[in-house]
Each structure stands twice: as C-alpha cells, then as structure tokens.
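Before I ask anything, let me first share the structure, which is written out below as structure tokens.
Order of writing sets the chain letters: A, B, C, D and E. Residues in each chain are counted from 1.
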Amino acid sequence: MSAFLSLRDVWVEYGDKVVLERINLDIAEGAFVSVIGPSGAGKSSLLRLVLGQDAPTRGSITLDGVPLKPECDSNRGVVFQRYSVFPHLTVLDNTVFGLECERSRFIGRLFGASRRAAIAEAEEMLQAVGLGDSLHLYPAQMSGGMQQRLAIAQALIKRPRILLLDEPFGALDPGIRNDMHKLITRLWSDYSLTVMMVTHDIGEAFALGNRVLTLDKWRHDPHAPQRYGATVVYDLPLTRKGAPAADTAPAPHEEADREESLSITIDIIDNN
Amino acid sequence: MSAFLSLRDVWVEYGDKVVLERINLDIAEGAFVSVIGPSGAGKSSLLRLVLGQDAPTRGSITLDGVPLKPECDSNRGVVFQRYSVFPHLTVLDNTVFGLECERSRFIGRLFGASRRAAIAEAEEMLQAVGLGDSLHLYPAQMSGGMQQRLAIAQALIKRPRILLLDEPFGALDPGIRNDMHKLITRLWSDYSLTVMMVTHDIGEAFALGNRVLTLDKWRHDPHAPQRYGATVVYDLPLTRKGAPAADTAPAPHEEADREESLSITIDIIDNN
Amino acid sequence: SQAPEEAAAPKTEFTIGWSIYAGWMPWPYAEQAGIVKKWADRYGIEIDIVQVNDYVESVNQFTAGQLDGVTVANMDALTIPAAGGKDTTALIIGDYSNGNDGVLLKGTSNLADISGQQVNLVELSVSHYLLARALESAGLAMTDVRTINTADADIAAAFTSPDVTAAVAWNPQLLTMKQEAGASQVFSSADIPGEILDLLVVDTATLEANPNLGKALVGIWYETIQLMQRQDEEGAAARAAMAQLAGTTPEMFEAQLATTYLYVEPEQAVAAATDASLVETMTRVRDFSFAQGLFGQGASSADAIGMAFPGGRTLGDADRITLRFDESFMQMAADDAL
Amino acid sequence: MRWVNRRIGRTNALLMGIVPILLLLVLYLILAAERNAINPADKILPLPGAMIDAMRGLVFERDQLSGRYLFWADTLASLQRLGLGIAISTASALLVGLVLGLLPPVRATFGMLVTGVAVIPPIALLPILFIAFGLGETAKVALIVVGIAPFMIRDVAGHVGELPREQIIKAQTLGASTWQLMLRVVLPQAMPRLIQAVRLSLGPAWVFLISAEAIAADIGLGYRIFLVRRYLAMDVILPYVAWIAILAAVADLLLVWCSRRMSSWAHGAER
Amino acid sequence: MRWVNRRIGRTNALLMGIVPILLLLVLYLILAAERNAINPADKILPLPGAMIDAMRGLVFERDQLSGRYLFWADTLASLQRLGLGIAISTASALLVGLVLGLLPPVRATFGMLVTGVAVIPPIALLPILFIAFGLGETAKVALIVVGIAPFMIRDVAGHVGELPREQIIKAQTLGASTWQLMLRVVLPQAMPRLIQAVRLSLGPAWVFLISAEAIAADIGLGYRIFLVRRYLAMDVILPYVAWIAILAAVADLLLVWCSRRMSSWAHGAER
C-alpha cells in the first residue's frame, strides 16, 4: 500500500515552546495506529493536525498525495479527549445528527421513513456502546463515561475513512471497555477504516493497533525545558495483524502479559 | 476505630430515575476506600454526596457523628472527574490558591516572605506531579493530563481530612501514574488522610485501597431500566494494608496478577 | 399665600431659568456681558442664569421649586405653575408675539383648507391656542382637524417629511419651516396681537421675602433691552451675540426680532399690564385652557384658578389666586427708582 | 451555611423579592404624605388617591373626542409598536448575529460597521430617520429597531463566537455544511442567549418607544406621558410608568418561561 | 474552504471592515449630490463642503463670547459626563452584579427590583430625576447611570450565575470563604464580561447623555446637536454624529485592548 497519509518534517510550536519537532510519518490505508507517550508530549496535538483542526507551524501533511487543507470534513471522524457532544441534543439526536447532515442537505433534518431508518441505525449503535436505555437523556444528565460512549457512537456511525480517537476508553470500566474494543475492531475490519488512537493503556495500544508509535522528547535541556519538542521515538509495526483482515481481534486476556513485557521498554523513555 | 463517616439508607434520585438506593456505609478514619463499578452506576454521585455538593434524596450522612451540612469546606478536598482548575490562574497560582485562602483571610493574597514560603510549598508539590516546568502556563495551554495533575496538586497541597478522587489518574500515562500512586500513598500515610477514590483500573483499586467498594445495580428491570438504582454489591476489606501505616505501598508490578484474579469476579456483575 | 411654611426666609442666591426664544435671549447675553453681576452686586445678591434646553422642562422645574424664576408664555404660566398651585408672580412683561408663532400649510395658502388635515404641533401649548384662534377665524371647530403632538425640537425636521402637511410652530423653528418648498403661513400671532405674551415669572413667596431680587431682575432686563435696541455698533454686537447664543445667524435673529413686539421702555410694559385688554386676553386664554382640560381633573370651572391684575382686579376664584401680574417693579424702572 | 450555598425555593424567592419593592412603595408614601402636608396642591409626589382620581377617567371612561378608552388605547398602540420593533430586532439579531458570530470573513467585513451603528445614538439622527421612514408608525418601529437591534446583534454574535471550537469541529467531522452547522448546532444553542438579549433590551426598547412617541404621535403610553409632563401631572405619569414596569416585568417573566420551555437543556436538569 | 474555517489576518480584517463603511459614505454622497442638484439650499443631506464650512468656525475659532473653541469644549464636557456615568455604572455593576449573581439570597431579594428598575424607561421620569438631582452635572450623570447600570448589573450577574458550579465547589474545598471566592474566583472571571457589558452599553450611554443634554445644558455635543436641530442644520449635526461615532469606536477598541491585556487567559492563547 502506498502512503495514504504522510507527514513530512512537521513541527508544532506555541510561541517559543516547541511541542512537536521533525515528525516524519507515512500511514498506510487501513492501518490501526496506536499512539502512546507521556502526558503533555503532544499526542493530542498530532491528532489535531491530522484532523485539520490546526495547521502545522512548519512541514506538510498530505492525504492521498494531496496537501491537507486545514479543515475538517466527514472523511475524518474524531473522539476528543474531553467528551465533546452537543449539549442541546439528546443522546439519540446527537447520534442521528451525522446521518441527518448527510441525508438532508438543506434542512439537516429527516422525517418519516428516512428518519425512522436513521433512528434504527442510531439505536443499534447506541445499543452497542451500552446506551440503549438512555436514548432521551441530555448530556448534562449523563455520567462522564456515558458521554464518552456517546461521543464514540456519534463518530462511529459515520464510518469515516480516518478515525481519530483521543483516549476514547479512558473513563470506562473494564467490562464496557472490553465491549468497545470488540466494537471498534469489528468496524475497523468491516469498513477498512484507518484508525489513529491515542491511549495511555499500553496493553490496549498493542492489543488493538497494528502499529504503535511512541511520542516523546528525544532530548531535554533542563534549563530550557521548552526548547525541544517531542518526536516519534519508537515506531513498532505489529505484523501479526498486518492487514485489516477478518476477525483476528485478540481476546482481552492476551493484554496483560503484553503489557508486562513492554512496560520495560516504555520505562526507558524519559517522561517530561 | 468508630464510624468516622457514615451513610444510612441513602438514596439519590433524579426525577423518577433512581441512581443510588439503600446505601449503608461506615468509613473509618484513615481508610483508603476504592470505589469501582460500571459507567453510570453512580460513583460520582456518591462522591458528590460525601463532598456535600449534593444532598441525598433520602437518608442521612454523618461525619464524626454530626449530620453533614450540604456544603463543602476545606476538610474535604476533591479532584473531579473532569479536570476542574481555575482557567484564569496559572499553574502556580492555581496551586497557591488554597494556601492563600487559608493564610490571608481578608484579601486572599500573600506577599513577601509568606508568599515565597507558599510558592516554595506549591513548587514542591508541582514538582512531585511533574509540572515543575510549567509553572506559568494557563490551563488552556496545557494538555488534558497536565490539567488533571494540576487538579491533583491543588487538592493535595491542602492536606484535607477527607480526600475525594474521581478517576484522578485516568488521563495519565503509566510512568506518571506510577509516580502519582507513590505520591498519594505517601501523603495518605504521612498525614493519615481518609481517601475515597473512584477508579476504573481494578489493579489500581486494589493496589492503593485498603477497602474496595463495588457499586452496581442489584436488580434490573429490562422494561423500566431506571426503576432500580445501584447499591454497594461488594465491600471487600483488604487487611494487608489495614492501617495507614508506614511505607507499605506496593510496587506497581504487583498490580498485574491481582487484576487477573479479580477480573473474573467483576465480570459477574451485570453492566448497565 | 397658601403655604405659610414656604414663606421663604430672605436668601442671597437665586436661580433663574431660560430657554431659547427670540424674546428671551437678552437673559443669557446679560449674564455673559456682566450686566447680571453688576445688578446683583448692587443689591448684594447672587443670580444664576441657567439655560434649560427643553422649554417644558424649564417650566416644570420652576413649578417643582428648583428654579426661583423662569421665562414663560402667559398661557403656560397659567396652566403649569399656577394651575399646579404654585403662587406665581409675573414680574416682567417682555414682549408679545407679533408673528413669532404661525400656522403653516403645504400646497395651499388658504386657511380653510386645513379642515380635515392632521396638524403637527406641540399640543396644549400656545401653538394649540393659536390653532384654536385660527380655526375660529375661519369658522371651523377644533374637531375639524386632528392634532399630532410633536416635540418642539423636532418639528422642523418633521415638517420636511411628506407625511406632514400642516403644522403650528414658533420661532426659530417657524422660520426654518417656512423655507420648506410649498409651505405658506396661513395664520400667525400677528393676527391676534397682544394675546401671546412672553413673561418672566418668579415665585411669589420668594419675591415677597426678597424684593431686591425683583429690583435686580428688572434692572438687568431694561438695561439689556435698551442696549440691544441701539442702532449703533454696540447694539449690533449685542444682537449678534444673542444670535450666536441662540445657535443662529444675526440675519435670522433680526428676522425673529422683527416679529417680536418688544416693550422696550418700562412705561410701555406698565401700560400693557394695567390695560384692561390684559384681563380680556387672560380670560380668553383661561377659557381655552379650561376647555382643553389644562387645569387638571380637579378643576370644575374656568374660575378654578384665581388671577390678580394691577389695580386690585381679579379673575376667577379670588381665594385661590396663584397668578399675579405685578407692575410695581417695572414701575420702579420707569421711575428710575432702582 | 455560606450564602453561596443557600438555595431559595420558588415561593420564598417571590416573597423575598416583594419586600424591597414594598419598602420602596412605603418610602414613597411617606415622602408624598410629607410633601402633601406642606402643600396640598403638590403635583410632584401625588398621593394614591389623587392618582386613582386622575386615572379613573382614562381607564373607565370613553374620551369624548375620540370615543376611546384612552388608557387602553394607549396601551394597545404602544404594545403594537413595541412588539413589532422587538420582533424585527430579534429576527435580525438572529440572522445577522449568527452569521457574524460564526463566519470570520463576514465578521471582518461587517463587524466594524455593526459596532459603528451600535454606538451612533439614533435620536441624534432623527431628521434622517424622518426622511427615510416618514413620521408614522414605521418611523416609531424603526427607531426601536435602530436603537436595539445592533446591541442584540453584537450580543448574539459574541455568544456564538464563544461556542467551544470543538463543537464546530465535531459537527464538520460529522459532515455538517456551514448551513447545517448554523441551523442545527449554532442556532439552537444561541436561542437562550437571544432570549436573554431580548430581556436585556426590553428597557432600552421602551426608552426608544417613548422617545418616538414623544416626538410625534397622537396615541400611546409615551405620548400621554409627554403630553401631561407639560403640566407636571405626576398623578398620571406615575401610574403610567408603573403600568409600563408591570407590562415589562410580565414580558420578562414570559421570556424566562419561554427560554425554559424551549431550551430545557440549558437550564440544568431539575432534581 | 468552508467560511467557518477561514481565518482573517489583522490587516485584512481592517481592510475588509473599511469597505462597507466607504460604500455607505459613497452612497451618502450620491444621495446628497442628487438632492443638492434639485434644491441647492437643501439642508437635510449637506455636501462635505457645506459641512466643512459649518464646522470650521466651531473647531478652529474661539467663540467670541466665551473664548472657548466650542467643538472641543463640547467634546470635553460630554466626555466628562459620559466617563463619570460609565465609571459609576461599571463600579456598581461589578459590586451589585457580583453579589447578585453569586449569592442566591441576595438574588432572590433584589433580583426582581433590579429587573423592575431596568425596564422602567428613565426618560419617562425625567422631571423626578431633575428634581432629585438638580439641573446641574449630577442629573446628567445620574440619567446615564440610571439608564445603563441596571442592564450592566443584570448582564454581569447573569454571567456570574453561569460560572461552572464545579469551580465554586472547588474553591470552597480549598478553604475559600464567600468573600475570598468573590475576590479571587468570581471577580477576575467576571472582568472580561464586564468589559463586554461596557462595550455594549456605550451606545445606550450616548443616547442617555444626549437626552440629558437636550434638556438642560449649555455645553456638550448633545446640547449642540439639539440647539441647531431647530434650524435643521444637518451640516453641523452630521459631523457631530460622526465625531461621536469615532469617539465611541475608539473607546470600543480601547476596551477590547484592555480586556486582552487584563484577561489574557480568556482570549485564547495565540500561536
């Protein structure tokens, strides 16, 4: 597969603070890239670049060989680190929203049979994330984890070509997290999505991804901590799940020993 | 130890939705209670009750035998699930704030030597949470994990009698999380705090706590899912770390096998 | 007087309000030229001349006791302070409007055409009175027109709107409005000479306790009037200054003076005050005001308010006299007794 | 308990809210009685009896000339003008405010203009207003619109501009076009603020209405007030002003109620 | 690129902002020239030449009587009144708004009163205002304060009431008393909104200033406008109004700048 998404010498700076430096990346179509790294390294910043929310200070990003416009569209779905759902819509409406935008260009609302079809689709997705009982709640009436699941359902129902996930399962208990892992793996292989997921759970990173990126500062000046930014220090392809093929998602029990073996590797990295 | 904090037949309802029912709890002074349970079970709601932010719909809560006023004070510190720091203060000022309130009743600001002392204290705490390099950033300029660490520092510097933590380490990478575990265990034993911590990481729950509570629905009506609320379904005292004694905090490597053995128990509970 | 507590103790500081009108411009000029100070010093008092941009508000403030004296038209002196129970003395009769108030129509010069039109004017003011007299002269009744209350400051602008076809106004607005294309004056105060009088009134109790105030005011007035009447350079300069104070050009101001009949000599003013025609005029004004409900809900007849004239004559309720025409101070000026 | 944490129930809040108003009324009565004792003909602070007498004719009796109940005719005329003016302002605030707040190019182009118009005191430009709108009802409504719409536009635009950037991004990733974004994300979230802006504009709207009616009118609450102001008839002015305050307070309550009904999500879930 | 996502640079924004204003000026010139061609003595839409002529005397020449440069003296007098009025309103909005927004018992007690006062049109009560405050400077400043302070108070109180509850809770768990909460948490966060409220009030403040000066004054921009209004001297009124707009726009920019300086945290970190 040729480079689907590629970043060339990308830098992100805020004032004189360098956050990311010299990022060079090629991501193949259908890849599931896990991004790990210490807090504040710039993982969310990297995701924002790919999303088109922010433009890099230097360097270029191309998608399908075309320079990326600093603009978001329905090709790239996102689940933000802080659950960001629409506060004025109920759970169901939040989920249906994406379908309505697509199918009703002018008023952004569906009626009759098409609305029923969209609601059925949304209900199925909500059932899958465990919100089947909470269709008519507003976000303010939900717990943190429920909002996060809603954000996931909202993004997944659109089946974007690139899915950007920023700690999507952070606020979920192990049982539900497990269900989510299965769901995302299924959708990934069924619709050959390209996924980029930031996570702090190293087990999760290795269990789900077929490539793991580690972002960290490669050098650190103690007197000017903001002088150097983070870059990709490790880039591990996991060949076992190379292609977005059939149902090879790992049983969640495989995670634990993986974590064991890798925690040592990760500990070498100097946390900021 | 007699009951320091006790909840008697406490219910929390929103409209006709029962969230918590028949909670009966006695928490000893100096305990470290971990609270686990599925997303949306009511863990945060329970914490809000103890904090005094919300009053229970029914039932009574007493602290030291005195009914709890539905009001917060500096006896009870909190780290919310969504990092809540003051957006208009820098990292340093956010941390110093608690000290300034205590030491300068009228203007809420310190000057000269006393300010320097407070800053030194705050810097030490910030160093401990890994924000020593970011003293002058505003929250909007920080990553999610950094904000969460700031919230932790802010709460810990006051050394409250009861410390309420709602998924405090959720957005942190393993390395920093480890440091945090050590920090909290040290403060807990040094200042004999009483801690109540909600977490989704079962390993963390067992590694840090000396008592683990599991909140879940004890019965579920599929036609009226909101009819029944969650209650304490398991209450496991962990005798090994019974007293807030010396430095018996576990090395983080002990966690993994614990999790293994317990994940089965937890899976029995029907997630909502 | 009705309010014994109010019988003011002698005081030394007084405030006199004025608003922009051709016949009242001598007041601010006298202030600026130092004439006020000269006379005030002579009587050992202080007089503050205050401009109130809004005519109605100036009279209101006098009624409310914020001002010791104010420049006002005879009709308004009757219907505002006097009807409000404030015992008021007309100290100076400065002039009468001799064309300073007029009825304008667009597209016709025939007064009778006003029938059935909407007329913009300041309701319940001397304009309203003038309109009533105009209608009377044309054999029409008040009900033959519909009046639209229009603020005096805005009536000139309003008259440029095609919506407005008939208006009653006074100077300086009247002059501006006459220049509007197609406008013609069909009736004016020159047709009813001596009926619209411009006065300086003061609070009766204050005047009784401080006769020096009356003397100083009369002194100021006649010195200024005589200065402005002089057909030499000094007189022209004074008139130019007054024009500027009124926000207009000397030419425009002269035009306004031409339609103002000033009682230049105090003797003339005394004569006007003692003439029987004053009673007649005030009777007419009073009847009109009563018919329009200007004496307030409480008044049951046109006699509800009492007026006193020189020589002991009275009009209306002699027990409730609240408007007094007092010629004695003008007489002092005539006698050079100041 | 700290004052920040005290929750006041509905009825208590109502009772507590009435106290200072009652106190003010009592204060007025004392002052008025005092002045009246000195001068029984005092017009400035009339006693309730005088006000009732003065109002009786206006409220209950037909005017001989026009055959109308003046008080009610005034109220109707003013409310019509006010309602129309506020409706037009609200609509334009919604349209313009939304576009201005959401689309940076539009804001860059018209932001300065709107600021400029907002700070120009319309009553200084009355002659131009007369030329453009004549002297009839249009002009009165126009004065209200020119007076309050720019403020409302700026308020709504400011609020829209402060919507979390994440939401705008999120909607776009879900496939929303600019138009859909406006219709489905920004508009509903701007509604509570719009209603808030209408509430805040009620005061100025009355000011402009009264100014307009003071300039040229033959009916209306402001007309009556300015007409009788000539005679310092506070016994009519005060009841009229009180009536305006009551009308405005009712409108305020209605708006709060509307906002709660329409945007329950914004007013917090009640226990 | 979608319009929502276009970012406009500073200079571009300035250029784009000037375009519609220039267009309006051109439109005015065309209209004025047209009217002038029909009637060379037209007073309503004067040409620039006439305005310059009319203004020259006011701006550059000393008034013979008072020895003042009238235009500048007017400006100074008006700005003083306006500044004082806005300063008092701002201070009271800060004090009252903070307390009202933060403390439910205070809100319950005085909320209704403030709403009531906010909706009473002060110009209907002018006689009382002048009686209470005299005809001097106090009354003019008072009219501005009565006119805009209630609005500002409500705006600030509304904003304070919407502060996330978590922050109030958090501050209390950190040991803050009500007073400290107000001083250190609520006040600094209310500042940007307060400045915003001042910006929105500038327009109404000018309206009230001009109304006050129209009634009793002998100097001031509003006084001059009302003085020459009798003569329909638009050649003086229009430059005065333009001048007011410029002054207000400058004040607006200054306030934006202040807000950015004082509360950098609220205006987003710039790249």
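To be clear about the criterion, contacts are C-beta pairs under 8 Å (C-beta built on N, C-alpha and C of every residue); 3 or more make two chains touch, one makes a residue touch a chain.
Values in this document were obtained by computation on a predicted structure and should not be read as measured data.
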Partner chains shared by chain B and chain C (touch criterion as defined above): D, E
Cα-centroid distance, chain A relative to chain B, in whole angstrom: 28
Cα-centroid distance, chain A relative to chain E, in whole angstrom: 48
Chain A and chain C, separation of their C-alpha mean positions in angstrom: 83
Where chain E touches two or more other chains at once, by residue number: 2, 5, 44, 126-127, 131, 172, 177, 229, 232, 269
Chain A residues counted as touching two or more neighbouring chains: 14, 71-72, 82, 141
Multi-chain contact sites of chain C, meaning residues that touch two or more partners: 60, 64, 154, 157, 160
Which pairs of chains touch, using the document's own definition: A-B, A-D, A-E, B-D, B-E, C-D, C-E, D-E
For the chain E and chain B complex, residues of the former touching the latter: 164-167, 169-177, 179-180, 183-185, 188-189, 263-266, 268-269
Chain E partner contacts - residues on chain A that touch it in the complex: 13-15, 57, 69-72
In the complex with chain D, residue positions of chain A that touch it: 51, 53, 71-74, 76-78, 80, 82, 84-89, 97-98, 100-102, 105-109, 138-141, 154-155, 158, 160
Chain D residues within the chain C interface of the complex: 38-44, 53-54, 57, 65, 126-127, 130-131, 134-136, 214-218, 223, 226-227, 229-233
Chain D residues within the chain E interface of the complex: 2-8, 12-13, 16-21, 24, 44, 102-113, 115-116, 118-128, 131, 147, 150-151, 154-155, 158, 168, 172, 177-178, 181, 196, 199-200, 202-204, 206-207, 209-211, 214, 222, 225, 229, 232, 234, 237, 240-241, 244-245, 248-249, 252
